[in-house]
Amino acid sequence: MSVVNAIVEIFQESGFMSLSWQNWVMILVSFGLLYLAIVKKFEPLLLLPIAFGMLLVNIYPDIMADPLMMSSYEGTVDPNAHWYDAGVLRLIYAGVKSSIFPCLIFMAVGAMTDFGPLLANPMSLLLGAAAQLGIYVAFMIAILSGGLPFFDGFTAKEAASIAIIGGADGPTAIWLTSQLAPHLLGPIAVAAYSYMALIPLIQPPIMKLLTTKKEREIKMDQLRTVSKAEKIIFPIVVTVLCVLILPSVAPLLGMLMLGNLFRESGVTDRLSDTAQNALCNIVTILLGVTVGATAEGKTFLDLKTIAIIIIGLLAFAFSTAGGVLFAKLLNVITRGKINPLIGSAGVSAVPMAARVSQVEGRKYNPSNFLLMHAMGPNVAGVIGSAVAAGFLLMTFGK
Amino acid sequence: MFNIILALANKRDIPIGEAVNISVTGIVVVMLVLALLAVLVLLLSKGIRAVESAAKKRNGKKADSESAEAKPAEPSKPVGTALPESASAGDLDLYNVDEKTAAVIMAIVSNESGIPLNRLLFKSIKAIEK
Amino acid sequence: MFNIILALANKRDIPIGEAVNISVTGIVVVMLVLALLAVLVLLLSKGIRAVESAAKKRNGKKADSESAEAKPAEPSKPVGTALPESASAGDLDLYNVDEKTAAVIMAIVSNESGIPLNRLLFKSIKAIEK
Amino acid sequence: MSVVNAIVEIFQESGFMSLSWQNWVMILVSFGLLYLAIVKKFEPLLLLPIAFGMLLVNIYPDIMADPLMMSSYEGTVDPNAHWYDAGVLRLIYAGVKSSIFPCLIFMAVGAMTDFGPLLANPMSLLLGAAAQLGIYVAFMIAILSGGLPFFDGFTAKEAASIAIIGGADGPTAIWLTSQLAPHLLGPIAVAAYSYMALIPLIQPPIMKLLTTKKEREIKMDQLRTVSKAEKIIFPIVVTVLCVLILPSVAPLLGMLMLGNLFRESGVTDRLSDTAQNALCNIVTILLGVTVGATAEGKTFLDLKTIAIIIIGLLAFAFSTAGGVLFAKLLNVITRGKINPLIGSAGVSAVPMAARVSQVEGRKYNPSNFLLMHAMGPNVAGVIGSAVAAGFLLMTFGK
Amino acid sequence: MSVVNAIVEIFQESGFMSLSWQNWVMILVSFGLLYLAIVKKFEPLLLLPIAFGMLLVNIYPDIMADPLMMSSYEGTVDPNAHWYDAGVLRLIYAGVKSSIFPCLIFMAVGAMTDFGPLLANPMSLLLGAAAQLGIYVAFMIAILSGGLPFFDGFTAKEAASIAIIGGADGPTAIWLTSQLAPHLLGPIAVAAYSYMALIPLIQPPIMKLLTTKKEREIKMDQLRTVSKAEKIIFPIVVTVLCVLILPSVAPLLGMLMLGNLFRESGVTDRLSDTAQNALCNIVTILLGVTVGATAEGKTFLDLKTIAIIIIGLLAFAFSTAGGVLFAKLLNVITRGKINPLIGSAGVSAVPMAARVSQVEGRKYNPSNFLLMHAMGPNVAGVIGSAVAAGFLLMTFGK
Amino acid sequence: MFNIILALANKRDIPIGEAVNISVTGIVVVMLVLALLAVLVLLLSKGIRAVESAAKKRNGKKADSESAEAKPAEPSKPVGTALPESASAGDLDLYNVDEKTAAVIMAIVSNESGIPLNRLLFKSIKAIEK
């Protein structure tokens, strides 16, 4: 009979008995995200690992156990615990907490990015800046949300982390949030990647609303070719200028530009290749799973998460609007040389946002080919988000 | 309306006024930094193009004087690269294929397919071991 | 015999009885968990096959009605994939080049260079952005 | 003359003077393992690094120095030591101690595994369970071995770690042992990998002994094809079910199934590729060398090691028998539709054990093609071993 | 007006206000190194990351912040700091400090190295030893430099670290320096890699000076072929012998030989491939950037750096001379069978030094083909440098 | 001169004499270790070559006696490799294809293309999901 007793005991220690209702809900949420990643192909490279991490932590919360409070200022340290008593995903999460993973992903992004279209048309940089508008609008909304009845609202650090969703850039959002509001990392990362995948649905109505038919039909001149020397010097100039002005952006922007230098220098092809492939994929897996594993039911299922999802959508919308409106302004200044549809690409979300500009442009003028013109603001948006994140970190970081 | 906003402010860890201030400063900083970058890029591009066109002119003159002297074109000699991995010509990796053969292959592909050479990217050409 | 086993038990940090108990429980747990899994897999497979055959039937009907309307086959349009890496045809990576063009290029190279196709290894073919 | 003195001093500090006889023996053992790995091609991908780690630690034990007791509860911490005073292999060994390396290898195994044959024939799962019998038999033998005169026997934790050799699965054995009995990691890992390589010698006699000629000649029906949806949902179902029942198995089984999801989802091919290649190879090197480096002479050359080697062989034999006997039972139940030779493949040891079934099957009926039928129990055995390890960890872990 | 105030505040916290003149000079130095790496193609795979790390740390010194004194015995620990408050490059630098990165690079070097030419002509080993002469000459010069007026000179540990530049081997220099004199890592690494790239300029005059025309024209016999067994046993023999004699060399030489065994064993091709590519490139990036980031202005811009650069050049010169002179001696002993030009290749700097021998040899006798003959001393030089570094670590290490 | 050196010595943390001593010891140790290695390599090479030539002779004799017995050449049978990654035949990766099928495919390709099998390089054979 003792075997039966033992099995009963196992059942009592099993997840069936120990999991909270929040865990069960989150398991369903993770199924939903897996569905979006696999069937709908929404940013699957990150959403699949995130969803799986979410699944694991909610069936077995101890996979993120942190008896030594390695990644938190709060909580009590278990004096008898060893470092290896921490959950395996908690240990890997150190790569996120330390910013190493986001920085390495940004290096990979740099190695994959061609800044040529931006160099051919430096005005793109202004569009990439204007399309960060949503960040600041979202920040205000997050702060003001505390005024709602029955809702506690967000602290300034939390609001800044939520706002960065409007930067439409995953690693930047993870980088900033893991430093300012690590307890919100799960919902913010999920919102950022989901909305990036939804760009083709979110942007077109806003683009149409804010532009006239005539504007959408504008054909743009071909871009000039860019010399190799310009492409090599550009990442160095960006690093020096931006880091001098906003020192705290150094890790993120520095690594982005290092990756780009690997790509453009022509003498480090094997480093560029590894940064884009083996290293990028390894870090993507580890970062995705552990970021997903921060979304344990008790913290994720909260009014705050719903607020984050709503504010995140607004952030994307206002960033899109900022880019389009500024492009309209540039169009006036240049007397009709800029198709405002390329402004929306400034949100970053490379290369989906640029593709949206291309597709929309062709709808109204089939001979239009906006892709390359939109790539300029698109890659400028990556720099813009990083600068915005640096500003927020400087303002709210310790 | 203003009263409501002030009421909100008391619940937050920063006053609304400061939040507005931070938001406005934020977008201004981003605009300024990227505008500054745009100016630098413009200057940089102009500088580089000036240098490059000057270099071209000089080379052009040199070429003229050289052709006047009727020197036979020196065959490009491959200088030992420091990379240990493989023989490489620009972006193209060659395995057991000399550069001349590779050039012939590339020219043929371009010619016959009607695709200009500058739109074809060869990553590597490899003669399979017999 | 039983006495010897009891004697052993005293030397160990768990009594023999408990060890036996753990062993039996262990094999039972493994059998139960994997049997449960087998049942789940059976149900899952049945469910999926039911859904898929239902879907096929519906598609079949649709296809019939569509062919009745004699619509011309829509050319497969390449949907923008979210993956940045590359379109791929077998071992050959294609960038902005459709498979037909690639095949033509490969055939031409082989033909004109006099190198049989099987001795040429193409790693990737890429149309350079204009 | 001072140069001569200096050289004499160097000689006195050299390994010639400082090494114990155990170290010298272990150097010879490492040569033997290198021979088996290189010349006999026994699991060379892991046995070669393990043997080289063993060689290094026995000519220079300080390469595993641990002044801060980073990977042990016992011993005294040197208060003047810095973390970087630890031996370089000790630092890398943190990846084993923390379970990160075994989990990543299991992710790679998942990305390499096709569960199709198992899905086509779910009964395979029962064979994969039955072929874990050796684990529990070995556990009993290890516990009882203390009754031998002149032999101290094993603690329950040690016995559980030795028992897992019967799971015929390297990463699982390393994962469990590094948590329950890290001081036995060397002999257990060596035994596990050696016996896995010896499967073609160990299994056939047992298979022949336990089956009749008629049984061995049974031809099996062709397997049905499995849909993509089944392959995608399977890893999720396994994760949810097994981790709910045995929470402690989450890191190992979760990562196995994540790797499999990378493979089957069809949307994360680049992650699957990296998991199978770059990441897998990097971790294999680091894990192999450091696991080998746990086999320092003083701890390895012990009666216990000999006992482990004997009990490990028995574990493999009983697991094989368990699989074959259960397959015979299934054959009776299904009225002759199951060739019992596929039962032995349930031990895991993918894909060698399945190949053995194929080869043996053909000996008795040349038209027999059992490979695909044996792959089902074979991959089920991986799940079975992981579940068994989870049970042992739950029972004996802290 | 408060926005203007905020912007003024940002400017006051910007690098424009906080950087020291040394930082600005170092930014220029990093530009110079980037120029050498990209335009002049001087060892770009390491010099580019090093230069970029130098750039980053000098525009944003906090990227190497070390509040917990993780990589130093000196300084005060900030009791309120968490491990993740350290700069991101400081955290990655742990891989250098712990010797893990140099060891992994050496494994890659081993996997890339063909010891065949050395095995065909074991006398090469003597040349690889003689060409370490510069290490000891540089050590003496560094010690004596303290006698200069206005110069403080170097401690013995510093002198040993500087001396190893004469080994002409980057990872060895980084390995030794990070243990003996980590504060000099920046200048020593930069000097080592720069001079390795300058080998084609440094060596030929010395080679010409020390040899007669007749010697330079000597044609050497073809090398015998080497069997696979020899190539497999060699790395094992080297490991056992060298580590027995000089235990502290184990991590470096052991990993070199492990890599070589991956290459030659024929059964671990996938490990060899990863060691040479993905793993090597990842570690190269991380090591390069963080080594460069040790070169912060305040410590780099020092008379010591200038002394290191001068002594480093002398070390290269004396190593070259040592190799050539010993080759002359061997030529006498073998009665004219050794072309002394292959002696210079013994400095290591694989494969540039061997190429220099080849190029010089052909200048004086166009039918001469010295490359393979020079590869023997060349790869022997790698072993020689490692042995020399092990001797210095044993003598001066804790 | 000697006085100056002695003066220097006082500024350093090791005396000049010891520094000289260390330097000389250092170069001697490197020379000794590598010379020892050279001797070992020589012995090793001789040993291996002796063993290998002995093995060749024996094989030669065997071959003779075997051919005398007019045995048909045993076909080289591929031994199961120990690699866990995937079904693999030499360098060839198989996906969803059994070894037999793969062998058939390879034979057909060779036959039909007229290219001897040993000059064809198959990287992988994969059955595409129906």
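Residue numbering begins at 1 within each chain, and the chains themselves are lettered A, B, C, D, E and F in the order written.
In this text, a contact is a pair of C-beta atoms (placed from the backbone, for glycine too) under 8 Å apart; a residue touches a chain by one contact, two chains touch by 3 or more.
Every value quoted in this text rests on a predicted model; they were computed, and no experiment measured them.
Farthest chain from chain A, judged by C-alpha centroids: F. Taking D-F and A-B together, the chain pair joined by more C-beta contacts is A-B. Inter-chain spacing, taken between the CA centroids of chain A and chain E, is 39 Å.
The mean-CA centres of chain E and chain F are about 27 angstrom from one another, to the nearest whole unit.
Taking each chain's centre as the average of its CA atoms, chain B and chain E sit 31 Å apart. For the pair chain C and chain D, the distance between mean C-alpha positions equals 25 Å. Shared interface positions of chain A, defined as residues touching 2 or more other chains, are 10, 41, 44-45, 245-246, 270, 278, 391.
Annotation for chain F: residues touching 2 or more other chains are 22, 24-25, 29, 85, 119, 121. Those residues of chain B lying in contact with chain A across their complex are 4-5, 7-8, 11-14, 16, 19-20, 22-27, 29-31, 33-42, 44-45, 48-49, 52, 83, 85, 91.
If you check the complex, the residues on chain E that touch chain B are 2-3, 6-7, 10, 41-45, 112, 197, 350-352, 355, 359. Looking at the complex, you find that chain E touches chain A at residues 10-11, 13-16, 18-19, 27, 31, 34, 37-38, 41, 44-45, 48-49, 52, 55-56, 59-60, 62-63, 82-89, 91-92, 277-278, 281-282, 284-285, 289. Touching chain B in their complex are the following residues of chain A: 118-119, 122-123, 125-126, 128-130, 132-133, 135-137, 139-140, 143-144, 146-147, 153, 155-156, 159, 226-227, 229-230, 233-234, 237-238, 241-242, 245-246, 269-270, 380, 383-384, 387-388, 391-392, 395.
Residues 21-22, 24-25, 28-29, 32, 80-84 of chain B are the ones that touch chain E when the two sit in their complex.
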